[in-house]
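As written, the chains take the letters A, B, C and D, and residue 1 is the first residue of each chain.
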């Protein structure tokens, strides 16, 4: 990829154009859209049981309630919605399909059992209380270990057991290489189950539209094109007859990058009834039924030489699929992300992994910011500390010993992923320097007790997968994941620019950054560039905005497409100016030869020619119009990187973890808009603080969800957030267009392991071994108490 | 998540409110600030047939000093108590607890009496009221009665108010000149939804001896109650470090907490001990008495 | 959730056993019980008016006895459904043993609260069992204490005892039967 | 229980409205669906997240925990009333310049909280700001830029007050 050397706007902070209408309350989120006449409001009857047979559903009283239009059950959808399932083609994956509304059997608490159709949301809720469902409860299973145990209740009979996915990988001669280690260090790590908790829950509205297309679905999704294809596949609707539009989206975080049963249901009902149908999720439903994530068990064995060199790693990852595979990723997503990301910034050449996923009577799990990476780095970064402790080496030195050095790039890692560029070692060094690592270690007493609190430092040096292209999805079995994204850039007759992008913004600032990129390439004022996205009828097809792909793939295609239009602009301008198009430049809304800058054209003048609005005519063979379309399939993946270094104090009297210093070094290649990148780092890091210290969805052994509300599922508040000390390194990619790497997930990926390691370091003097998150005070306190008791027992 | 329908009444006086309660009894709920009630209604954990909105009963909105107590009416907002000079001057324990009660938007509307009537053993104000030895004035068409905290708090989210009654006023004894107080709580994050907490008040004489101790712990059991063994332990003694530690251990031993998604019962018991020790340490170091 | 506990009842074992199988005694001792009828040797139906926290309602529940060992113990199962609010069901083993001063009643209950109640009502559920069981054993003790043939002069108040719990530490002590009823009540009373 | 409607008179953003609604109708729904002031968002309906925060008689309140009927006669300010169609309010300007919003769903609530807070504490330190911001939850920004924005807004308002 030829590097772009002449960026003008890229790298500059431009304040977001979205802010004005958002701050004036003028943005239209799903539930803010004007309601069509005759709108039907839906509510779902949710299963209270983790596993049960549905014996009968009596909706008589509900149907009799004034304002209730109908009450439908699973059987009512069998004919018009096919069994719902993602398309996954990878060895070891065993497909499971599900009805969108349960038929005869429920498999998790919150599964849809019946659908209320009512004239108002209040009446719909009234009707929920009147539907009598008779269940025959069955034995259920919620945890990974329990679901994998012999004799466990089996969710899906055709599988024979609960193992929905299992695969393995091993480098040549692995056992021999492993045996070369001087020491073997083993550990098992666990991550709690979490979810996105966007402040805007989900919802969707389908509107029959007999004139334009047959149907418009409004849904705050990160993947409008994939939603359209999934609905077309499952409902037998022509893709041309379905338009999927994302209104303003109140946060996505991967949770909104799925296709959900309700999206199929509203479209099916709108089609059947010829009326608009809307459903708005409430917070309880959000926590019960949206894709959850994590709940991973990682068993890791590391063979190391006495000097700290990691000789070989064996990683066994087990994940909880939930009751059904999510759409479109299935449980393979986090599982394969974890094992493929584990090598991270390290020179690990001998690697074996086993990975598996089991079905349980819990909500389906799927994508959430960081996907698999917080788990992978909790394991490998945790082992860096443990290898250090075992060998009497500083954990920073163990990392230095194994980190890929700048001169080794481009580097292909052990699972075949190419690291084109990166600042793995400089980033680590800068992070350590910023926090004053050496001084801290020098002053740290052996028992780590300073002023009544245990103090420690945790490091996470991570890589962040971003901008995955078609080959990157294909190698992991995602058969229907396009991988590419696309754009159409139009110079309008007045010389202003419209950019249509296949992505879908959920707060990332695309309306500003994509304008910035197009303006940069076309030499116009960014304010003259409008951005349109999140509408399948307006933009060309593409993958969407998740997995840190917006800037890499969306940005890449906007750059490419703008340059394509630029070629035509210069061709027409060259004809008009009687100049060599190759010599012309576009700057400040004009096209001219730098040798004679006074003799040029405005972009508007060129556009008027292109649109036949003057008598100048076009060169021979040139088509009218001034636009281009581009489909950009980026490299397999592009690795960003960074380092989190955290200093914590743990109070042994109450188990509370206080973050005293928090340093982030961040390298996402070419930065488009620094302020926006900073925002991504802040947001992801704080979600990581949440995951590390407080967030967890709790199921009891029977599969009952115990905290589907925001009093019991805790999100960080402003008081939980330390001021971050943030530093950027800019190491542009040489593989992607513009050198851009993704930026959205590293914060979370860095925070979870760094915090766990910091607490582990603080308590290492006591002999406490921190192997799981979240680290709530109750848990930390218990570890301290046990360790102290054990110490007293020894003395 | 929308509330079920209800019949709505908006009396202008306590008398009218009591008449409505007499008429509707157990079918009715009193709406004041709504910060505890309405979430339960939205979730349809609670769907009262009748709502009696006392927000127009202006006579119930007051904080005033009367013979050694601060009287707080049923309609007095938490935010008013938080910024009240009377509370700051005479109820320092309550003043210390106020910032922990929900968040600003909750306190702007939530009432002191509403939180007390909600009787959440993990809430701040019930423990404050118990430590202060508050008296609860319960009104109905049958008349008024006054009970203490021990009688008022029956169990988790259960008070002693009969269906035709309402909490009309809480009477909070003013702090003695030699009183010191401390309020501490701990949560799984920096602010909000305590896992445990302690409201403490001690009086210390010229010799540095604790002459009176009143402590109540949040999360120590299924109801708000004082930590009587701790009080008995420290009364008449100097608050030195040894006694402070002993008191913490006594609090841990006295607590009978429950386990939930936030914390184990063990943790709660121990952290209540920790908080009791911290509170006593804090009070021992406070100016005001001879130390 | 597993709940375990025990209590000393000031009456001899046979008297306690008889009481535990006497619908009339149970009705009098279960707080808010309006009816408790024996449908067969092992099946009861019950209607209870209960105030649990801010929730008060009348509910119906089905109770079944099994593994009956006269004068020694039985297993009691209950189930209550609360429609949209969820459900509660549970099973408890109750065993009786002689002890100076009366009869030791031990119970192990496995109570499963599900649906909306479990998801959003955790604060509300806490403590309910204890309150109701205190009342239940208080009344049972009073009643048996007053019964001729019961162990004399033992205190009528319920006796706290339970030691084990989820955390191995005085989690809850409560009567199995009443815990079942309490959570069932909870499920219905919204 | 009846679904009989009652008459509600509210002054919202300086304008008088009269509507007949069920007593159970939440203020949030009233603003959004009766008055079409959809800038006030619903996030949890149990008073925790703060997305629905509006000013009720000058004080921040959860519009998901208030019945419109019970507020008969009250004055409400929603996000639409902060600047109206005029240029951005200094608090909004500060949010814009600090990049204190991403998806913007929670932002109306944060603006309300900030306006109330700075009215009571015109020169807060960062800890006080953090404490005030517990009134609302944001999942995108990690709060840091919001804290910066409130600091900056305080400065702008103090300077504005001096100039006036």
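The working rule: a contact is a pair of C-beta atoms (placed from the backbone, for glycine too) under 8 Å apart; a residue touches a chain by one contact, two chains touch by 3 or more.
Worth saying up front: this structure is predicted, and the values here are computed from it rather than measured.
Colleague: Name the two chains that are joined by the greatest number of C-beta pairs in contact.
Modeller: A-D
Colleague: Find the geometric centre of each of chain C and chain D from their Cα atoms only, then give the gap between the two centres in Å, rounded to an integer.
Modeller: Roughly 49 Å, centre to centre.
Colleague: Find the geometric centre of each of chain B and chain D from their Cα atoms only, then give the gap between the two centres in Å, rounded to an integer.
Modeller: 29
Colleague: When you check chain B against every other chain, which residues touch at least two of them?
Modeller: As it turns out, chain B has residues touching two or more other chains at 1-2, 4-5, 43-44, 191-192, 260-261, 264, 266.
Colleague: Would you pick out the residues of chain C that each touch at least 2 other chains?
Modeller: As it turns out, chain C has residues touching two or more other chains at 84, 116, 120, 122-123.
Colleague: Among the residues of chain A, pick out those that touch two or more other chains and give their numbers.
Modeller: Within chain A, the residues that touch at least two other chains are 121-122, 129, 282-284, 706-707, 709, 711-712, 716-717, 719.
Colleague: Could you list each pair of chains that touch one another?
Modeller: A-B, A-C, A-D, B-C, B-D
Colleague: What part of chain C is in contact with chain A in the complex they form?
Modeller: 1, 83-84, 86-87, 89, 112-116, 118-120, 122-123
Colleague: Mind pulling up the chain A residues that touch chain C in the complex?
Modeller: Residues 45-46, 48-50, 109, 128-132, 137, 284, 287-288, 700, 702, 704-709, 711-712.
Colleague: Which residues, counting only chain D, touch chain B once they are in their complex?
Modeller: The touching residues are 1-3, 6, 22-24, 26, 29, 45-47, 50, 53, 56, 59-62, 64-67, 69-70, 113, 116-117, 131-132, 134-135.
Colleague: Can you name the residues of chain A that touch chain D in the complex?
Modeller: Per the touch definition, chain A meets chain D at residues 15-16, 18-20, 22-29, 31-32, 35, 121-122, 196-201, 248-253, 282-283, 506-509, 675-676, 678-679, 682-687, 709-711, 715-719, 721, 723-724, 747.
Colleague: Over in the complex, which chain B residues touch chain A? Could you list them?
Modeller: So the residues of chain B in touch with chain A come to 1-2, 4-5, 43-44, 186, 188-193, 195, 260-264, 266-267, 270-271, 274-275, 278.
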